[in-house]
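Below, subunit A partners subunit B and then partners subunit C, in two separate complexes.
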Partner chain A sequence: MTALTPPEALGRRPLKALVQFVVLYGALPIIIALMYLGFGLIEPAFHSGENAINILKQSSYLAILAAGQLFALLTRGFDLSVGQLISLVSVAGGLVMLDVLEGSPGAVALAVFAGIAVGLGAGLATGVVNGVCVAVFRINPFVVTLGMLGICMGFATTLSDGFPVFNLPEGLTNTLSRADVIGIPVPVIAALLVLGTAYVILNHSVLGRSMYVIGSNPRAAHTAGLRSRLHLASAYVICSVFVAVGALLLTARTGSGEPNLGGGLMLQSIAAAVIGGVSLRGGEGKVIHAVYGALFVTVLSVGMNLIRVDGTIQQIILGIVVVAAVYLDQLRTRFR
Partner chain B sequence: MVDTGLATERAVRAWRRILERSPAIGLLPILLILLFIFFGLYEPKFWRGANLINVLRNSSYLMIISAGQMLVLVIGGFDLSVGAVVALTSVAAGLVMADLYAAWPDAASLAIVIGLVVGLAVGSAIGVINGVTVAFLRVSPFMVTLGTMSIAFGLALYVTRGVPVYGLPDEFTREFGRLRWFNVPVVVYLTAGIIGVLWWVMNWTRLGRYVYAIGGNIHASRVSGIPTIAYIVITYTMCSFLAAVTGVLLTARVGSGEATLGTTLMLESIAAAVIGGVSLRGGVGRVEFVALGALFLALVTNGMNLLRVDSKIQTIVIGAVLIIAVGLDQMKIKGRGQ
Partner chain C sequence: MSETHRDDRAAGAGQDELLLAMAGITKRFPGVVALDDVDFDVRRGEVHVLFGENGAGKSTLINIVAGTYPQDDGTMTFDGRRITHLTPHQSRLAGISPVFQEFSLAPDLTVEENLFLGREQARWGVLRKGAMRTRAREVLHDLGFDLRPGARVGQLMRAQQQMTEIAKALLQDLKLFILDEPTASLTERETNRLFALIERLKGEGVGIIYVSHRINEIRRVGDRVTVLRDGKKIGTVQASNVEETKLVEMMTGRRIDALFPDIAAMAGDAMLDVRNLSTVDGRLSDVSFEVRAGEIVGVAGLVGCGKSELARAVFGLDKFSVGELDVLGERVAHPTPTGMLKRGVCYFPSDRVAEGLALSRPVRENASVAALDLADFTRWRFIRRRQERTAIKRIVEELRVRPPQIERSVDHLSGGNRQKVMLARGLTRDIRVFLFDEPTVGIDVGAKTEVYQFLGELTKRGAAVLLISSELPEVVNLAHRVYVMHEGRIVNHLEGNEITEEAVLASFFGTGADAPSAGAAAG
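Up next, the complex of A and B:
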């Protein structure tokens, strides 16, 4: 009786099987599936294949950001600079592309590569500063990344003078946003690569396992002889680099370098990770949680857009749903 | 000879005492004084009475809301919704006042009083929701207040459609908002009063002691018979009430009900509290230092304005100053530990 596989159990005791599923995987996959079915009943267009791909594409950006945030959350920190880093990467990458194109018109590929390199470099630099301040100088991560939020915002607006960077090469949008490989859009592939990298780091490297220990018991990590400062700093570096990847994809989607690109994304990235099941107390969370959270937020907002819910009402509903989802997840841990 | 010897000895002893005590006071007051001198030397206008009063008034709003944030931080929580509460309060108070004033132009003071009561009540209601959800349902305060932030901003925008609420009684905006006693804005006295009351509450009342105790160790507090749930609800309500007070005061200052009023105050209030030495892990924090933290932020901003630093560069400087200030404080704590 105890070793029933889910389908067998489903036949005999559906309720018990459901509870088992929820305890094992959380209520979120079921809620996402119900939401997907529900929106389709109200508005049949929601169930079109086109919309399914749209949802996947939209959620891949948020999944990348949430995966980055996951690393900071795992080590008992968070990264508030995520949103403004997105703006900085977008502006800096965009400006470099324009500069290269001005110097040698026609070198689109070179321009795009240079822009991507500078964008990733900006992410790396931000992550290193965050990581060193948190791990070496032992400054509270909230303060460090809040300060970095201001610094990134300042640089993004100073570099761009507050205006979007227009006239980015068409090639950027064509390759990083519109193109697809055997039907799968490039952003989704990029998200799969980033999530795969995150999975390998977290589950198959000393660095990743060490992050779990640092998050659940920092002193034990230090006593066990782990290079905890280095690992803690790496968490912020990985977070910022992931975010830079997300920022470049978002820039490709809008087709311009935007100083306001990241405004609401800091809270969204944290919300997605935590809704997905990452603990704010550190040491608990998997890559799949970032995916769940991103899918949940995206299905909800795309669905509400399709059934024409007013934007401000959407904001209210999102707030209620966020609290309810976290509460349900809380219940699950209590049952276990 | 004897006298001077005694005098030097006394001076040395006094200096040593100051140095010994400085870790207890923290670096913040010293930083404040250094900044004060530096800005004044660079731009003598900074020392003018009018400018200093201006700094005081600008820091007042932040002081009130940061003091509320401190209460929640000390009890081991977090309040991301304070900025949204400012917006919602402003909109609610503004709508009620404008409507009543339009209906009965003679009864302006009645409209003001009812508007204030409604605004403060709506704001505090968000705090009750926060507190109940955190304490009863045991959802992480970060997520709860993130949710209520979204709800409160959404409500404020929905009710006003994003358009500011005009038509407030002149008695409210012109007279109350710009009232001065002895050439100092009334807001400054009000802030001093609020900080004083909170200082008394935190140091001399059961409420204060329990808040520190719950923040220090919630399990121990519960076991020793403190009704933790009730005190958590009270604390979140006080925090939102103080945010609502800030909302009302800012509404009087700008002269209209605005749904975009508090957007930056959430992060600023946490920054001021943390600069003032409040621990994000709960149990530690003093209201007088939080007030200094708010003053510090206002001083840096005002000084940079006078030095004509570009506002975009100002955000970079404030970010760096925040990290450095807390980093220095951290080094001081480490030095004391060794």
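Up next, the complex of A and C:
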């Protein structure tokens, strides 16, 4: 086991530097940059400052959802209820705001606050139920979250009668979507806060450490005395709360409570996390992976929109990319 | 057969004498050279032993022969043919059959299903499934292993899984049989069966590569021994006339005089007191024993006698139906791993891959995992990463984990070093009662003495040690008292001078001459 020379000479040759960059950060940042440049060559409007901000905002929503999904994936599960939970939070939050405004017109701040509280509460409740079913009753996460998907969809449709909840206060959209702080759009700030929280939990808390161990080997976690049931359940709670935050931001963007808001977002959130590099086998994945994945998916879809690729074809491409990403992940572990 | 005669044959060994010839094999992993220009060959009908410290490169060499991964350099000739780009599948087809150090069984399938897993389509048509089934039963019976073909592998003891692995490897056409530490958790009886099998295979002209850290085994079954150290070949010697100390010296580069340290008994207060314990699954019935501060208590018995379950029940991994458990004088009604650790009891499972380690996580996280409720490592449920790093670095150096990099993921370590990472757990917090199940599985001779000395240190500090082991010399030489188990019961209790290999073996089959009642044994 003679030690090899450490990689000191970064940048001696461009190719070597590239290889080392890939080893350190993965190939994804480079691919994203190339995609960004490539779409710009086809459609110059892609490179406008306006579009850059648009991509940043769009990927913020997705990064929040992918960060939630990351927690479920880390513990060897996944959360299929994400999309319908978004719809439920959107509808429930919207209805509460209208109710409050009806009672006391003009109390916009109170209405928005109540809507947010109810939305987060719905997320929390969903997460607790998911978590308890998976961790305590040991039901397969696929089944649990699939059931929850149906339940959330049912509630969202019943509450709204299937119609969007219109006339939400302008204040909601103004503060949570259009506003900015020193030039940074509010959704981007929200995403940074959520991602920061995720980072601190995963890298600095006992809970996060435990989740990695549970994902890597649940029996070892139990034998080592970790409170694995509690920690496993927490993964689903954190996931759903993050998703609720994302849902409220998305509601603010559309300006109405939408029973179909979450439609494609379950696939997108899993896609972003997996493409970003989170392992489906559990125990491996970082917050930065959620960011990469969100950027990738957003650049891809905004780009395809700009060069007018058909919506259905976009779905097909995303599906293929996800499967390819999982395959690459397997190759990576096989050649370790 | 004289040595010179043999060597003559080696010199003039034609293509048919030599089954496998490897020359100049080099294999690098990120950061380490696992094999450095190694020559190795196996003749037909010969047992060629690979010997060397943990991380010397033994398993790596085997993996190259088995086609798990390619060598970076060097050539390989098998059965007279030059072999390049070997895949695991081709290697099996060629008649190379490995039993790996870490198991590769599917835990949710039965023994029988595991035996012909992946072979159904490859070598046998669907129609021959019935024949395969008969064959599987035949092989199990042939081996004389006490295994139920319908048992689910996930519920078997480590030793039984080992037998399954061996049986699986025997189901195919054999030219080269590879055994990587096959006896690490087997007891005398199974080991003897295995050796009988090896003799038979030798007679049929099968070549065998055998890896073991047990020197007496090497001399018993080996024809030649090749010693590796740090990925380099140190030399090849005849097994029959090599001195034990010479082997150890070749392996470590230094002399080791006494394998077993003398550990003074200083039995103090009872730290662990178990009375009339039976488990729900019935694998333990009416067991009573105690472990006192400052003593090592051995538990011996055949595979499946319940010795592993003893520790598992105490640690809260197996539910008990009746019985009383006192830890440090306090009654524990419902033991759980979390609670027992808080009370200062730590369990080290025999199966490090299935239950001990999070393989994809770094050494640091695996070492500190049982101490995440302590102020040393955490504050307000947040990890003090600097303290963690310093403490784990120190422990890893103390246990001589190689390479001593705490950020390396555990699946990149050799088997013995993985074991050390698991043992590191016991040094991260103040443990008063140590429950070891096969603590030296896969550990090299040098490291074994270190572990034994470590046990001595523990008892000197006043810890109580329960040592469950299928390696009889270990129990006999280290333990101050020994309980022998048979079919879930304690059938004998030996103390002081009574502890001899013969005495322990005599009660293995439940025929302990004057098996004392359980109550008396504890007293």
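Following the convention adopted for this analysis, the second predicted complex is superposed on the first by the 307 of 336 C-alpha atoms of A that agree within 3 Å, B and C clash if a C-alpha of one lies under 4 Å from a C-alpha of the other, contacts with A are read in each partner's own complex, and residues count from 1 in each chain.
Here is the rule we use: contacts are C-beta pairs under 8 Å (C-beta built on N, C-alpha and C of every residue); 3 or more make two chains touch, one makes a residue touch a chain.
Keep in mind that what you see is a predicted model, and the values were worked out from it rather than measured.
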item: Partner chain in contact with A:48 - subunit B first, subunit C second, else both or neither; value: neither
item: First (subunit B), second (subunit C), both or neither touched by A:323; value: first
item: Touching partner for A:227 - first (subunit B), second (subunit C), both, neither; value: second
item: Residue contacts on subunit A - larger count, subunit B or subunit C; value: B
item: First, second, both or neither for A:133, with subunit B first and subunit C second; value: first
item: Touching partner for A:167 - first (subunit B), second (subunit C), both, neither; value: neither
item: Which superposed partner A:104 touches (first subunit B, second subunit C, both, neither); value: neither
item: Where subunit A meets both subunit C and subunit B, residue numbers; value: none
item: Subunit B residues touching subunit A - in the complex, by the definition given at the top; value: 80, 133, 137-140, 142-144, 146-151, 153-155, 157-158, 267, 270-271, 274, 280, 310, 312-323, 326-327, 330-331, 334
item: Complex contacts: residues of subunit C adjacent to subunit A; value: 28, 30-34, 36, 55, 57, 230-231, 315, 317, 337-338, 340-342, 347, 349, 354-361, 365, 369-370, 372-373, 378, 381-383, 385, 402-403, 411-412, 425
item: Partner subunit B, residues of subunit A touching it in the complex; value: 80, 133, 137-140, 142-144, 146-155, 157-158, 162, 267, 270-271, 274, 280, 310, 312-316, 318-320, 322-323, 326-327, 330
item: Residues of subunit A that touch subunit C when the two form their complex; value: 1-4, 204-207, 209-210, 212-213, 216-217, 219-227, 281, 283-284, 336
